[in-house]
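Below you'll find a set of structures to go through.
There are two complexes below, and they share subunit A, which is joined by subunit B in the first and by subunit C in the second.
Let's look at the complex of A and B:
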């Protein structure tokens, strides 16, 4: 199966990439005001690839992920384009969206407790998903598949867990159950929104390993949202660094985290305590990330940026290629060709 | 004057629901040092902090502050102690009174400790200035400030009475990383200037390693390893510490993935509480929790596999 897919020329053709996001904007609207949270995010997720969205609170990383699934209903206006295998998702009628969610694109949320129905057994929640998406046709088949899935995500006694209510399981077990539900219909795109933030570090390691394992087995493309640079470093793949609703830097994780080009990325990395390395003052970034609804004009990072130029406060630099396979939204990041282009 | 500021010996605390939150914990904080306490949720680190602060009475064991037993103190003594023993809690949004300006919150603390009215105002402004807040910001209410600014207020409030020891319970955990670094730097600077000691409780090993002189690792209510921060990082002795270090993401150590999860503190396994997840557990581990064995004079671990070393190769 997998080998035939690997040979598929479509796998490298971006027009049919599992997920392509172009100039995505999300604006939350209420009676009194509207707030721009995501302000023009573009990226492509290829088959079997991992893309990390890394950012601090208010950077718009989770809203980007959830906007792709259009989970905000009428609370948010979503602009731009989101295509799966070339098919536009924005503006799809509700019934089609419903069959898509949990089917071709699935979400692992941060808090497994909130994601599960507290009044229903784990098994019945899995069976429901399998039924809705037509993966299993009979009750018995669905139940069998549910137990297989629970075993696949590393739950030692799937029968007992299938008969348990969420509150009877530990946080790590609940997150495994949620992952089982997410992968139950073999999604092409798996969106993991801080999947381990609510978990202890030793359990976090288990869950991350599980996601990698499932991805390798099925070739699912994974979009992972995290605030944790360590998690991003370990996970590899591509990384998009977000700040104030925009992607400020993008590229292979090892390169971006090894040799950051955007002053925000370098500032963030320098601010992390590095165990085992000579101690002393951390190089912090002045100020704090701007709250949603109060993003500064021009480059939103300029007020905190040690290298800001006068023009940075007026013009928001676009995300441009600064090296092969690397992009950054900063005039300082690129002394080379991009500037000539701009001039 | 002894070098030991705070000493806890044989602390035990079992809650009404049968959870043995703290079991046989002994810790020492020296003057002017930072002792880090690290562990996962439910390991008893915050309960230990509350006992050390005198906010919670231990079932058994003793805590002495400058030689005086905290559980034995009467209300008046305890109140006097609080000027010297302060706390920076995790969440400043809930620890600061939402109806008071931040200046009033700090003044409140000064008033409680009998500072004269005329002295309070200038002292608050000096404190806020020291933690990087302006006079204008001192008139703001908590909801008008960011998380990082609020945590600076909480630090200013804790330091307002010139304490000898401040217990920081997950004090930077709720902050964004770029802001967390500022607060960690501030704490280090304040310690250099005032000689205050910190008991720094956190689940984040990288942060604890950075700020602490010495680190105690807790698991299931017990201290399983104590060492200097450098030594713990370079030569961890307890298998749990090793796994915890390797599970901390992004530092390229070979990862040891522990199986299973923390057992319930209400129903811990027999013997060593870590044995159900331990990669090197043996039959003997089911008998007793091992005592802390000194590996070097300043490094101890509670594991049957740890043998006291006269001259360890990795340490001088």
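Let's look at the complex of A and C:
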């Protein structure tokens, strides 16, 4: 598809991860101040794997996703390293970045209505992306491919939908169309930023199923951003819990949600209603997350943490392995000699 | 799309009907007696009675209205009291001249407004953007007639670059170049306020669109900045149409000052002169024709709107 990738020996090497993020930092700079929003996030996404970034608003999960695609332009300074199949993405020249975006990394944004140009037919928006990435060479081929893609994402009458404007479709149909555009060039990494938040509950499950189905069919790695613990639980895969711009806990979804190690994750889960348990059993986390730009020294969660130690207010604990395949950034979660996590 | 235009056309009919009633009533209630102004102070009571009878002025108002409307619909706009000639050709000529002036002003206003608006939106800092903002504010705030007079004094009378007034040189060939030379100053004068308003509205519309989600979504799909900007500017067209339509409508009505200052033989000047002469048929016809032009303009803008924005035709 993209010639630059075919020349890259790493592309054929299956041991290299489709996406590796190392010590990612995102700082928004304006004339008057700069604000750290993402502060040293690292994770690896393997082929066909799903990684969930779970966190509240302002935790930096969406910014992490967008920083990978470098969508902020000059508004943000991005540090650390983002590699795809071993190839560094940060600092790529604009033309290569363009062929990468939508080609190898695609984004499914939160609100399908906003993600589509309201004045263009669905078909033409799909055809445009196919053309930009050179997937279809003739107009007819692009149009045929567009209809195939719409059919693939479960749209019953792709011809009609291709000729429709976004406002003529339901929210669920619109999100399917947006997903069709996202997967149109067979990306290796699909970033879904709260893809179901703007949808009706009944439609949410269908869209999540569709993403799983597409992932299983093509082996795409999926990075899903969500604030919804329920979605994270249903989706499985790995999970990364974010708080105040940092990854505070990481591991297989079932384990992290079943047996959280970080006090923040525990608090988050305790705040969820459980079927059959009385209303009063819900516990909220005391206080509120620190505002972006005013993160406290030490562990950002310490001021709200019931188990905080004096040292927590001074030193930000690093993300360390606490069990096989699991990591947490908390001394409480990690009794005994701390061992810095390797990858 | 055709259905949409058809509905708009049907909606124009009651609007025009209402306009005709308002015009008729306005003419009736403004002070001044057309009979007296026709006959002059020396007219005898018999002559007054005869003329009142001939003009149908002793009929009840509704009857007068229906008679007037009937004549108007058949293209008979009456006879000018002051000029003793048919109103219809007079008013149509004047309307054509006004349309020429308004069209020229509209082109200048839209081109300037879009250019300055886009510049100030996309380059929010820098000397050019500040200059653009200041110019837009200035052009909105300064009265048209004073700008018109300044242009006449310095560029026409002073520097001799342009003719001072009128539409054609009486000794000229009446060709396009002659018209163009006469057109520049009044068109620029008339365009200033609309240009400033379009610039400010277009600026905020560009900022609005650039902050919309689809701009980021398009970038995330690998589209070049140029392609993304094509989408973005396409999305500013509906609001640009709205503002430009309003401003051109305002031009049609507000061009009266400019026509008076530059002695441009348009509908504004004609109505203005007829008011001072109490020439009721001309005033009536002039206002009606202006209103008609306004309604037609709105129809065109609505149709264009529907053409650009699929959400509107539904």
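Going forward, the second predicted complex is superposed on the first by the 319 of 343 C-alpha atoms of A that agree within 3 Å, B and C clash if a C-alpha of one lies under 4 Å from a C-alpha of the other, contacts with A are read in each partner's own complex, and residues count from 1 in each chain.
Methods note: contacts are C-beta pairs under 8 Å (C-beta built on N, C-alpha and C of every residue); 3 or more make two chains touch, one makes a residue touch a chain.
Computed from a predicted structure; not experimentally measured.
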Is the arrangement of subunit B and subunit C around the shared subunit A a clash or a fit after superposition?
fit
Given the overlay on chain A, how many degrees, to the nearest 10, lie between subunit B and subunit C at the CA centre of subunit A?
70
Thinking of the overlay built on chain A, is A:114 touched by subunit B (first), by subunit C (second), by both, or by neither?
second
Of subunit C and subunit B, partner touching more subunit A residues:
B
Looking at A:268 after the superposition, I want to know if it touches subunit B, subunit C, both of them or none. Which is it: first, second, both, neither?
first
Applying the touch criterion given at the start, work out whether A:288 contacts subunit B, subunit C, both or neither, answering first, second, both or neither.
first
For A:69, select first, second, both or neither according to whether it touches subunit B, subunit C, the two together, or no partner.
second
For A:165, using the defined touch cut-off, is the partner it touches subunit B, subunit C, both, or neither? Pick first, second, both or neither.
second
Is A:133 touching anything from subunit B or subunit C once the two structures are fitted on A? First, second, both or neither.
second
Smallest separation of CA atoms, subunit C relative to subunit B, angstrom
14
Identify the overlap between the subunit B-contacting and the subunit C-contacting residues of subunit A.
none
Quick one: in the complex, what on subunit B touches subunit A?
40-41, 146-149, 176-182, 184-185, 188-189, 203, 205-207, 209-211, 230, 233-234, 243-251, 255, 257-259, 261-262, 277
Enumerate the contact residues on subunit C facing subunit A in the complex.
212-214, 216-224, 227, 231, 234-235, 308-311, 314
Where on subunit A is subunit C touching in the complex?
66, 69, 71, 98-103, 106-107, 109, 111, 114-120, 128-129, 132-133, 165, 167-168, 178, 181-182, 185
Within their complex, state which residues of subunit A touch subunit B.
56-57, 170-173, 200-206, 208-209, 227-234, 267-268, 270-276, 279, 281-286, 288-289, 291, 304
